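Quick one: structure below, then a few questions.
Read from first to last, the chains carry the letters A, B, C and D; within each, the first residue is number 1.
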Amino acid sequence: MTTTRRNLFKLTGGAAVGAMLTPAPWRLITDSALWSENWPGIPRPRRGEVTFQFGNCSLCPAGCAVRARCVANQPVSLAGVAAHPLSHGALCAFGIAGHHLPYHPGRLKSGPAAEANQAVRAALGQLRGAERCAVLDLRPGRTASWTYRRAMAAIRNGVYLAPAAPIAINLAAAKTVFSLGAPLFDGWGTPGNVIAARDHFRLIQAEPVESRTAIMADLWLPIRPGSEEALALGIANLLLKEKKIAGLPAGFADRLREFPPTMAAMHSGIGEQQIAALARELQDNGPVLVLGENGSPYAAALNLILGAPGRTLVLRREAPVPDDWKKAAPVADLASVPDGSIRVLLIDESATGEALPWSAIQSKLAEKAVVVTFAWSKEGYGRQAAFTLPTAVYPESLDDIPPAVDSPAAAFRLSAAWVAPPDGVVNPADFVAGLAGLAAKDALQERAAAIRKSGRGSLFVPSSATSTPARDVKPDDFWKMLQAGATWIDDLDANAPAPKLDVPALPAGTASSAFPLVVVVTEPDTPALVSPLLSKVYQESNLRLAPESVALHPSDARACGLETGSRARLETDCGSVAVNVTVDSDVPPGVVQVAGGPGIRKICGASSRARVVRS
Amino acid sequence: MANAMSDQADKELISRGLKRCSTPRFVLWMLPWVALLIFGLYAAGLCLVKGLNQTNMDNRFAFGLWIFLDLTVIALGAGAFFTGFLVYILKLRELRAVINSAVVIGLVCYSGAVAVLMVDVGQPLRAWFTFWYPNVHSMLTEVTFCITCYLTVLAIEYLPIVLKNRKLREVPAFLVFEFQLHKLTYVLAGVGTFLSFFHQGSLGGLYGVLRGRPFAFREGFFVWPSIFFLFIISAAAVGPSFILLTTCLVQKISRKRLVRVEVLRLLGRISGLMLAVYVLAKTVDTLIWINRTSPERGFPASQYYSWNPFGTWILFAEIVLFGLVPALVLLTPRLRARTGWLVAAAAMACGGVALNRFVMTVQTLALPTLSFDRFLSYAPSWQETGTFLAVVAYGVLVYSFSFRYFRLFPDERELQAAVPPTDTREADPILAGRY
Amino acid sequence: MTNPNKPVKAARYGMAIDIDRCTGCGACMVACAVENNVPPAHAGANDRKGITWIRVYKVDNGGDGDGRRSAFVPVLCQQCGNETPCVHVCPQQAVDVDPATGIVGQMPERCLGCRYCMAACPYHARYFNWWDPAWPAGMEKTFNPDVAPRMRGVVEKCNFCHGRWHAARQQATAEGKPDTEPVAYLPACAEACPTQAISFGDLNDEAGVTAAAARGRDSFRLLEKLDTDPKIHYISKREWVRRIADAPRPGDGKESRRG
Amino acid sequence: MLPWNYGFAWNTGHILFLGAFYTVLVIIATTVVSALWRSRRSLRAHQTEEIRWHSDFHDLPAADRVCRHVLTGEFKKRECPHAFDCRECETHAKLIERHPLTVIAGPDEDVFGMDFPLDRYYHRGHTWARLEDDGTVTVGLDDLGRRLLGAPDSLELPMPGDHLTANGTAFNIRKRGAKVRVLSPIDGEVLAVDGPAGQWRLRVKPDSTDERAFRHLLRGPEVKPWLMREMERLQLALTAEGAVPTLADGGEPVSDISASYPGTDWDAVCGKMFLEG
């Protein structure tokens, strides 16, 4: 037959129809569905060998143990270590996403290290008279802290400044915990430890707002804002009826007289009988632990009165250090330094701890002072310092984590260092040691050796979840295991003396009318950087107050002319910071509920007062 | 000169003996709508390119303006199928006078709704999945299938109207095809009725089957909840009303008599009849729902109406004010005879059905289901509104075009004999713009 | 997933969440996002446009001042077992219930983004990708390889960490266990909860702690009367907390920032 | 959707749903295809003219579709079911059997001063046909038709050899915007076109000279009543187009009517008179 065009058409047509009858074309269409999955711009997860690594979280002083699931040695998810004697497997929201920090957009990757070094050396060269070179360490007790102290001892007029370490707390020993607004269940101490001990003590929370701790408490006393003092004194009144207590600060007795239970009831809004009952309970149901905001004299006083020292407040030995480290500068308090005397100030904020208001630091600086800060981001003192040098972030930096406040025994553990830090970062300890011509590269290893040599304590190995006496571990294994996330925990020495509890001086009372609002902190102190995924709790739900934001009662908000979402300045006597405002009827009137964040924490100290100004 | 020639060419396209405004005036009339269309297309483009974050919908208000208006528009477009059904199946020949217009309206409504739906879904490229992996238990599948089929039917029904154009008709092939296709229209009308019956219903079913939303959930029989049938009846009721409205509107704008007033009254009567049935059924359904369906699922019906602004007034407005009242007006010959009443009642009927669609869409989503979530509000973004305005403009354009060049109203020519054509030279061009 | 020809001992994975133990810390929400490669919020996102497969709500007893008491309730996909509302409405079978696990699965690659399932869900446990997902440069290194990130315009929700289930199943098979037996595993949220408030397990396993907790006197389920048979059981000793299971009561509509 | 697709199952739901869907598709497709196929067939069969006439006739207002026997008063009212093709109309056959139409040869009828000789058949589209002795048929425009169109602006006549169909287009005429096709009275082949301008005729060789072939045309006694009706229609058309009626007074239509109604839409008038709708 001849191939005319007509035949050709017929052929193709027939072929097409025939093809339709086979599954082939339909299969093709079905598969094309898969192609539409590859939506442009969506990164594909990497593949690789899955391994597990152990370490400790250095985001906060708790230093919880972490198990990282790694793909090709890159941590992709973090979890607690269940059997861990200190953290008991708990990990907070920040810790769980800690492995994102190296990729945080706000993270510093390079800085003027050379220039800073030059400037500092120049300044050191021309120190006049009593002008000092100071290191401000926000998380004392680390090996790095020892390096600083040694360096400062070696440098002329060197001073080592750090916040006073609080007395260790033995939560396990407490039968009653009376908290004056301490965030026991929200970022206090070691979360896992608190939760583990929870079933053994009765928790009484006196706080104006129903914080997470208040919700978890056995008894919540919704006191009037700023009336912690009144309540404490009211209770102290009742407790002190019979016995006299030594060591109470000057003027305490006078202040006590101002607050008989009736007054306390009037101020705090808690019934007089209830206060009496509370006092009785605290007396009968010991051992008692009274917690207040950091440096609250009233909590300390009550602890003293109730005989907490030696029972719930214990003296903690420090982890051993090499003997040749002993000639080190003493730990000094910033307040003890005369004003205008610091010529060179080196601030290490790479390990978050208690933040000091810049105003307090500023007054101590000499003119032409050189301030260098070592930080993850520009958000901290970087705003004021001349030089901000980037440091390795968690989980890049190899550092040790001192025991948390609720750890009665000394501990030594290393922060996780699973990810290689960028080239631009500086190790603050090395920088400072360099100034003093000190070799501190292997400080951690030296200290580990010293600890092992002491033969004290035991070593917990997370991979096997076993504790072995330190003396049974081979010296070089000891260091290896520490690097693999092991924790050394000191033995409790039975015959340790009760700690000397000195109650801080009472603050000058009478709130100034300039700051009408009482500051209530209900969010944990957030690290300088948090994973972008925390948006789940800050932004994509209203579970937590976002960093650098405050919540006000509708009436107060109206008074300040603010509504939800408006920008404002939070002002205290320590300075001011820009914040976002949320209006919330759950916040009692007269209270400004503040979130975490370096900015806010620097200006909001213990029971401070504030005002919110529209900006 | 060229202008005159193009004007002449344009006249050649208009059917013999029909008075239509001059070409420039027609262009003048179309311009604003074209502008609106372009704006709307831009808004829709934003939603397609940047994603649905351009809208004010959110996880709780998963449906918004678009779904509400789609439901309304499709209900109004039901005139096409219902009139077709009456003319070709029930042989109600009087309605021939509006059937063409009805088809165009139907086409506009359905194609517009489908277009908006394409913007509304997050992954329009996957629209065909519904046909490929259909979940036959989903009301939405039923809707998708029926609407696409019916849109095809409408397109085919529209074809003869186009081919009858005076110029096209000169092409023998067109002439013959139109003739043959017209002979088979009754088949399409039948299919259209079948399809419409199901998708109008399943549009209601969409909400009726939401077991998790006791406000919308209804019992029913077999797979169809009661709303399924309510939607069919209400659509059939409001379809003729909408044709009535549009016809009157076109008569006003074009200043012509297009259909005999008896036809309008007939439409009104049919509408009123269906509406009455609807109101009755709706009332019974509501009572059952309040007293059995809702309480059985743990939701006392009273609470739905205690969140402002959705008080019981909305129930009253839906059933009585915009249901019973127009139904009675349309069923009262004396009132029906008065064009004012006729039109007003038809408008109210349309409003009532729109309100019903609004309630089913917006109130359903606004009401809290968990004891600890809140009553939510929602306001459409300009992109959402713009997208819908595009559909409106598109509708006006298509209709105006069809009205100018095709015979939408067969009786127009005979009727124009009766009224001496008014001189509109000094009248406002848009109003006088008789397309 | 499972071979339908084999007789499968079906599991009914579920949770028993002890509200009295929940501190509202949010670890579960973050852990979930980490595990399932959920992107961080777009700048324009809020609590109504965000994606949190598990969301902790703050609830209260409606009291004022001293009488006010609150609690935290984690809400995730309730994995309804009876006429699952979302499954029946999806027009293209992007949602299904795995008979072997009872888990309600969402197939983002087949999802059209019509959001009908979201309208159908009484627990608001489904989330739509309103934006193109975006991560800070380099953060994609931390993706979980077992879960594919979703694209814009599709719905997603909790699937009891299906990736983990799959891994567990593979391991079981590798260990030579019959693949008709349910496997034990732990979703990210349950693993992350510092107070172990979330207990996860097979509800068919009568002896299991989860099943036992779910049977307990103080256990309840949200909107049980809707008869969707949710597999998330909540536990609280407090009577007022147990009442959150009921339909909303008008007048309680307090404008709280929480939740 | 298809048995080998994901999620397909041989259960009632699928069978019912997809069954219905496919049925609908098939019905729609068949409708369109059969319409196409039929039109192809009619095009092949050169039925275009016939179809055009039918579709025109279908669009005529009912008043213009009346049966010829209504004109003569035999019926009160009756619509022509055969599109003016009485050749297959039994009713017509019976009626003319009962009393045949006899043409009384005599002086030509004078109607409104127009001449309508009775020696010929008239088509309702204003053409006439006369059977010549040589068996050919002469076809021409009748007097009213001529007066309506006057001197045409343009004229399309068929070529010799073209085939005409009864009720099909005989020729097209343009006049003052009016564009009308004039219907052919009979089937036949055009032999020649002659005659002076405006007076031209078509000489047609009819397919059959049998009486049946002319049965659908008006004759003798039918002419006058028909013409009277035509004048009414013309008047109606003119008023509809807004002209002042002048014929009512029996005034004779001038040789070129269009000239006396400059304002009117002549296209519409002619369309009506030449049954083009």
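We take it that contacts are C-beta pairs under 8 Å (C-beta built on N, C-alpha and C of every residue); 3 or more make two chains touch, one makes a residue touch a chain.
From a predicted model like this one, the values you see are computed outputs, not experimental measurements.
Participant: Taking each chain's centre as the mean of its CA atoms, which one is most distant from chain C?
Facilitator: That would be chain D.
Participant: Work out per-chain C-alpha centres and flag the one nearest the whole-protein C-alpha centre.
Facilitator: C
Participant: Between A-C and A-D, which chain pair is linked by more C-beta pairs in contact?
Facilitator: Greater number of contacting C-beta pairs: A-C.
Participant: Roughly how far is chain A from chain B, centre to centre by C-alpha average, rounded to an integer in Å?
Facilitator: Here the centre of chain B sits 62 Å away from the centre of chain A.
Participant: Between chain A and chain C, what is the gap in Å from one C-alpha centre to the other?
Facilitator: It comes to 30 Å between the two C-alpha centres.
Participant: Based only on mean CA positions, could you tell me how far chain A sits from chain D in angstrom?
Facilitator: That pair's centroid distance is 99 Å.
Participant: Using CA atom averages as chain centres, what separation in Å is found between chain B and chain C?
Facilitator: The separation of the two C-alpha centroids amounts to 41 Å.
Participant: Multi-chain contacts in chain D: which residues touch at least two other chains?
Facilitator: Counting only residues that touch two or more other chains, chain D contributes 5-7.
Participant: Counting only residues that touch at least two other chains, what does the list for chain A look like?
Facilitator: 30, 33, 36
Participant: Residues touching two or more other chains, restricted to chain B: which are they?
Facilitator: 123, 126, 129, 132-135, 137, 141
Participant: Considering the complex alone, what residue numbers of chain B touch chain D?
Facilitator: 16-17, 131-137, 141-142, 145, 149, 152-153, 156, 172-173, 175-181, 183-184, 187-188, 191, 194-195, 410, 413-414, 416-417, 420-421
Participant: Mind listing the chain A positions that touch chain D in their complex?
Facilitator: 23, 26-27, 30
Participant: Which of the residues in chain C come into contact with chain A in the complex?
Facilitator: 23-27, 29-35, 37-38, 40-41, 45-47, 49-52, 55-58, 60, 65-66, 68-72, 109-110, 132-133, 135-152, 188, 191-192, 194-195, 254-259
Participant: Per the contact definition, I'd like the list of chain D residues that touch chain A in the complex.
Facilitator: Per the touch definition, chain D meets chain A at residues 2, 4-6.
Participant: Applying the document's contact rule, which stretches of chain A touch chain C when the two form their complex?
Facilitator: Chain A residues touching chain C: 33-34, 36-37, 39, 41-48, 50, 71, 74-80, 89-93, 96-97, 99-100, 102-105, 185-186, 191-192, 195, 210, 212, 215-216, 222, 531-537, 539-544, 551, 564, 582-586.
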